[in-house]
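First the structure, which I've put down as structure tokens, then a few questions once you've had a look.
Letters A, B, C and D mark the chains as written, and numbering starts fresh at 1 in each.
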Amino acid sequence: MELKDKCGLFGVYNSPTASKDIYLGLYAQQHRGQESAGMVVCSEDGSFNVHKGIGLVTNVFNESTIEKLKGGFGIGHVRYSTSGDTDIKNIQPIVVSYRNNVLGLAHNGNLINALRLREELEDKGSIFTTTSDTEVMLHKIVKSQKVKPVDKIVEGLYGVEGAFSILLLFEMGIAAVRDPWGFRPLFFGKRDDSFYFASETCAFDLLGVNDYREVEPGEGYYISEKRIEKFRLLSFARRCLCIFELIYFSRPDSTYKGSSIHNYRLKLGMQLYKDQKAEADMVISVPDSSNSAALGYSLASGIPFNIVMIRSHYTGRTFIAPYQSIRDFKVKKKFNIIKDVVKDKRVVVVDDSIVRGTTAKKIVKLIRESGAKEIHLRIASPMIRYPCYFGIDMPDFNELFVNKIPSDKFNGYIGADSIGYLKLESLQSIFGNKFCKACFDGQYPMEIKNIEDTLIKKTKQGR
Amino acid sequence: MELKDKCGLFGVYNSPTASKDIYLGLYAQQHRGQESAGMVVCSEDGSFNVHKGIGLVTNVFNESTIEKLKGGFGIGHVRYSTSGDTDIKNIQPIVVSYRNNVLGLAHNGNLINALRLREELEDKGSIFTTTSDTEVMLHKIVKSQKVKPVDKIVEGLYGVEGAFSILLLFEMGIAAVRDPWGFRPLFFGKRDDSFYFASETCAFDLLGVNDYREVEPGEGYYISEKRIEKFRLLSFARRCLCIFELIYFSRPDSTYKGSSIHNYRLKLGMQLYKDQKAEADMVISVPDSSNSAALGYSLASGIPFNIVMIRSHYTGRTFIAPYQSIRDFKVKKKFNIIKDVVKDKRVVVVDDSIVRGTTAKKIVKLIRESGAKEIHLRIASPMIRYPCYFGIDMPDFNELFVNKIPSDKFNGYIGADSIGYLKLESLQSIFGNKFCKACFDGQYPMEIKNIEDTLIKKTKQGR
Amino acid sequence: MELKDKCGLFGVYNSPTASKDIYLGLYAQQHRGQESAGMVVCSEDGSFNVHKGIGLVTNVFNESTIEKLKGGFGIGHVRYSTSGDTDIKNIQPIVVSYRNNVLGLAHNGNLINALRLREELEDKGSIFTTTSDTEVMLHKIVKSQKVKPVDKIVEGLYGVEGAFSILLLFEMGIAAVRDPWGFRPLFFGKRDDSFYFASETCAFDLLGVNDYREVEPGEGYYISEKRIEKFRLLSFARRCLCIFELIYFSRPDSTYKGSSIHNYRLKLGMQLYKDQKAEADMVISVPDSSNSAALGYSLASGIPFNIVMIRSHYTGRTFIAPYQSIRDFKVKKKFNIIKDVVKDKRVVVVDDSIVRGTTAKKIVKLIRESGAKEIHLRIASPMIRYPCYFGIDMPDFNELFVNKIPSDKFNGYIGADSIGYLKLESLQSIFGNKFCKACFDGQYPMEIKNIEDTLIKKTKQGR
Amino acid sequence: MELKDKCGLFGVYNSPTASKDIYLGLYAQQHRGQESAGMVVCSEDGSFNVHKGIGLVTNVFNESTIEKLKGGFGIGHVRYSTSGDTDIKNIQPIVVSYRNNVLGLAHNGNLINALRLREELEDKGSIFTTTSDTEVMLHKIVKSQKVKPVDKIVEGLYGVEGAFSILLLFEMGIAAVRDPWGFRPLFFGKRDDSFYFASETCAFDLLGVNDYREVEPGEGYYISEKRIEKFRLLSFARRCLCIFELIYFSRPDSTYKGSSIHNYRLKLGMQLYKDQKAEADMVISVPDSSNSAALGYSLASGIPFNIVMIRSHYTGRTFIAPYQSIRDFKVKKKFNIIKDVVKDKRVVVVDDSIVRGTTAKKIVKLIRESGAKEIHLRIASPMIRYPCYFGIDMPDFNELFVNKIPSDKFNGYIGADSIGYLKLESLQSIFGNKFCKACFDGQYPMEIKNIEDTLIKKTKQGR
């Protein structure tokens, strides 16, 4: 799988260890973004303490930075830059001043009318200091003439289209809002008198927050000293969680609608066998993303599950450019093959998805070179046929594997003896209609009027 | 002297070594600000390359950062934070995006109506990401609907009151503007086909730029590929250079109106003897700021100049808090006394100015403890009676030495046998009327309508 | 499993990309030591270029440090400090000068007579700059009056007892030596005209070195411009590879005697079922160390394998001390449970070993709190009854689980419904006699005359 | 002056703020070495806490590192590397272990038989981990079979020839020793119940240590819980303080034999006028090293002292290589000329010494280009005719200015209208015989048997 998830959010209200809580909440969601991390905490005197940096949560923060982030409530963010733009300006949360107030914002998702909104704001004289679509929401909320935080949010977010799960830090409290489609996940938890928000429930597990529920699409919470206000955005809400949260992004130990993500993937794998049978000596996964699906395939088929690919967990940023004497370095540094297990064997390789096909091709090659007799690639999701405009870093239409390679050349291109995808109708029957599956079926939950608008054009602000 | 200067500017247009030039230009002006340094260079494709950091020029930049700052023109800044706020967001130059354009700005000075302007902008929905008055100018220039850079600057700066010498970086060229009063210095130089701007001429000396002139008060330059445009701001200009540039801020080897700063100070010292005679065995300076004036006093009086105070040049940021066993640590770590020179001697100590009196008191004590028989403190400028609103970091009215201590208690407070100031009329006769001397005579060059406006109130954006 | 492996070695001779090769070789063996990394390369003029640091390989080295490590041959080391002493002085390889020569040494293992050897050397006036036993070998080799490298090594290592796989860097070549018992692994590889040494074969896989063999116990190689010299240490060799290399330390994709480590573990798991049957709904592993054994147990028993424990791969150095509101933080930050999989189920948990029992206890508790009905802990190795003196960081005799807890209280202490170990005779039958299994059976391969000698007492050199 | 001083020492015994004291003592002596700094403090349990680093004292240490250096006594060092070798291994103090003891050593000076001593030690099997001559002393002291620290020192230093002022840290106390010739300075001070050692008295001033005396040549002190032991080295002592301590190295506010260094230099300047008269309009100095001498010349001649050269105090490590458009960059970045002061004037430039002549040449050129009519260079010391083997970084015999340029070409080479040196007999009459003036008269205080021995040949240990 070559898709890239984008961001993880974590917020806390009324905790004596707020900055530590956020640190741990981000740490547990590190898989949602390894490029940068940041946190803003509101101190007792109403001033905001910020710390951000490039790198993993454990690199960005240390004991003394956490110590300095005093205050009882705050928000944090881990980010995977879809643009590869590691500009320190873009690290979230973003904090701004307006009329002697301060506001912090952390965002997971992607707006589809960001450019148009930004141009409208610029025409009225707004100035932007980052290159992210997140700043657009910040401007719109701040520009609202309403006084109360909830009113400002509702007015400010009116007309904002696309995917946004956001956390906001005000001087008096924190807010959490999810777009009316609910593209990106967001959860609300409670432990004793402390309140928490997280992108995934695995963050709650680490903190011992056992009492939690989903923030519904189009729903918002504002928690201040006085009380918890629950509110709704003005648009009509239709649940459309990105199906890739279940297929790939979320940790298997996170939950959705009362079931673990692992369980959804197990089902996908079991159905995959029904859709795409294969005769083989073993089923293997591409660790760790397709472990659950591969196990499901094995259970349904009775073909034994085995371990063949070993993943390095220290990949980090290996700067060393591949040199000539090492071919396929990028895949090799991530995966190594246990050769004596596959030698002369027929292998079903289960992967979660194929985007461009380049990684799948290299993985199949690695296994082939290790002596496998037959390789049957099975994909635990349907064919990705359409690009995503809601935050998933996907290539253009023509670069998608199934669009660039004729179906009769799939096997040849990848080098597999057979390739089988989960059927679209199977996905439908497992998950129902309350998901965005546009990358599979092209049924975007809202009209994409102008593709150009979905992207903040790379501005001229360099590093 | 306890005053703090604020900033140094350096800009270059059309140099194959633009970033190196700026580096050296800032390095030569390091005395104007040791807290942070930054530079923006416009690359060939119109994108801006930025590098900023906390510390000295030699710490912030290294060979590889300079190498990456590619481009033929750019601007730089060194800053002394008057607020002690070392927030990385406030490091200049500031760079923003607007309508797909970029703009960089570096500022020396202080606006007296910044808060009011900021509130006007915020009422129209502007958002601020720094706590500096500089961002106000940026917003106003960007908000101008004019198209040509010169027109935008002139319209944008209309209504901006106070001290500002600024450099602007556009995608097509650089601009330099000085406020109509000319509070802060700014010079324009030329070497071959390259053009330079600097706060002080000593920066030109290092780069071998021998052909230079002053940017006149209210005057601006815009240099682009096409040509050099010279323009004027709309307000009526009246020359009011801050007299402290000559008394204290500028390096003695910089020049103003064809004469070295050293020479002005020499004259102040000579006149000081005429105003405030003393009988003594030697004249000494508080190095390095009053070296020239002390030499002048010695020349006029015939009393031999001698070296008694030795200044440490590695002060940097010595974090170690003074502990009980070392009294007056702060002064001691900066100055040590050559005791056998002053023992049993009558000493004239020449200093450039007295603000709060606390440092003068400690210096006199140090010399007294070293065995001096008589100490006659002579100040090479008149009494500072009024606060400054134009960028000099001075205390409030009531904390100024001459306001808080009755004149008959001056000697007792400071511990000197006599204290003598340069007469106000002497300053007048040496320098004439084309300077701001408001701190001495209260004659502010423009009405200070609302003192509150002169300061951006400390906003709630913490670090 | 709470044992800690100690070090990884990698050496190269005659490669145009020597420092890159070592970087990758260490990267692939990162699991053998995450505390520090270092490398020494011999440049063309015979001088040694060294770079070492605390942290992961990817943190210690970057493009520019690798670039500076010029030279065609060198050695590297990753280290897990058994003493928790992160002193930079102790980072290997260690480099010393003697009689205008230089020598570098990297060591995996632990000497059992280090203290006595060190005292002998100190009595003759030797001075030590590190607190490691490695320096003892260096002194002894250097003190040899022999001239040829091979002779120096053989003479110098005579009388050195315990575990040592070492790489040596001379000005003319590199050497690799393994102690006569072969406690720690060491392999010799070849690709084109370049020669390699590594602790594990997975390092060769990354570099595409397919032609390799084991360095035999008591065997040494010295490679210089002239030729490859193979030599033997003077002591009688008896093969005693540490059995824990197969059970726990080595990566599953590394090989030993032609079989993958994964395969050995699969066999252990299958035999474990035969030795310790259980009735259950699923078999789960403690990832990643017992994945293979758990799979084996599942295959032998027919009980389905499932995924329940999810391991965080970003653990690094999380400094945040557990606070009161989060119990069992240390285990929780590493593992999370997929609750709906185990709820009301009977579970077989396969782990590789139990040392103190504290981790096992916490893991069982985590699973129990997630709702498991029955928990049957199965250990894929026999009871650890005896401490190790050859480099494995184990507690004293009395702190070992089976020694401190009476066997009838095992279940109660751990909180499991049943606990079953692999039988000692099963281990014997799978692996035969050519391993050190002293921690299980107390049959140390050599007499431990004085336990004190096995450890360099913590000297008084602090950080 | 282009000579380079070498090191500064500071030690303390029995202070509750030992590490802070050492920090301040090194800070005050920063001018004696800007390349690296280090400190070792002995904690209550007898273990040594070490912190060292490359850079200024204020860069190497911070509040938290000082905090960690717990203990009541310790030693520190600042170093100017004469070899330009910034290897972190060579940063002092050096700490070693031997027979379960620890020893720290900090050294100012240079041995003339270091290489021979090192070879003797290596022949007996010693191993060296640094490339400095300091390690030789450490080995010799440690190898002494004596038990008491004083006895070990006396025996160990027997046969060590050359310049050494050293501080030693034992587990029970600290020692200070000065070689029998007293080449390098060393002082012993007392404040209340705390004892101090420093290379210069200015360090005592900062700490308020007013009660101090010189450590005599050949004398040593060992201070432990029991008492202060004073002892003597075995060689016959003859006082030979390096005359350059008075001429150039020491800070003017330090004292020697009851007189400030400034006063000695004042006398040199006054005598210089008598030896080398000149007619001129002003006397100027090359700041800051010749300020005192220039003032003396002015006082004796009646020619007014003026300020013309302005020195940048932020030089640090300016990496930027001079580029073509800026000639004489190296001197320019350090000095700028106040042009209107010298224009059409006859100037006496007083400098402290000439070594190679290259800097003097550039300075004269700068002043000439600024419009001076006549330039008379006066040197406040005699001609340097002989190289130094005792720690001053001087070029070989043939590169010394007076040896490479015929005397009738002095003016032409330097570009001055006249050049005049202090006469050797004048130096003699001012200072008497108790100094090493070998660089002027070739009368080395001890026979230099083998010049090769004076230098540790660059060993093959790279970075």
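Just so we're on the same page, contacts are C-beta pairs under 8 Å (C-beta built on N, C-alpha and C of every residue); 3 or more make two chains touch, one makes a residue touch a chain.
Because the structure is predicted, anything quoted here is derived from the model rather than measured.
Touching chain B and chain C at once are the following chains: A, D.
Counting hops only between chains that touch, chain A reaches chain D in a minimum of 2.
C-beta contact counts were set side by side for A-C and A-B; A-C has more. Look at where the CA atoms of chain A average out and do the same for chain B: the two points lie 49 Å apart.
With centres defined as mean CA coordinates, chain C is found 36 Å away from chain A. The residues of chain D never reach two or more other chains; the list is empty. In this structure, the chains touch in the following pairs: A-B, A-C, B-D, C-D. Interface residues of chain B, counted against chain D in their complex, comprise 17, 20, 23-24, 27-28, 30-31, 34, 56-59, 62-63, 66, 191-192, 202, 205-208, 251-253, 255, 258-260, 262-263, 291-292, 295, 299, 304-307, 310, 312-320, 323, 325-327, 332-333, 336-341. By the touch rule above, chain A contacts chain B in their complex via residues 43, 46-51, 68, 95-102, 119, 122-129, 131, 138-139, 142-143, 171, 457, 459-463.
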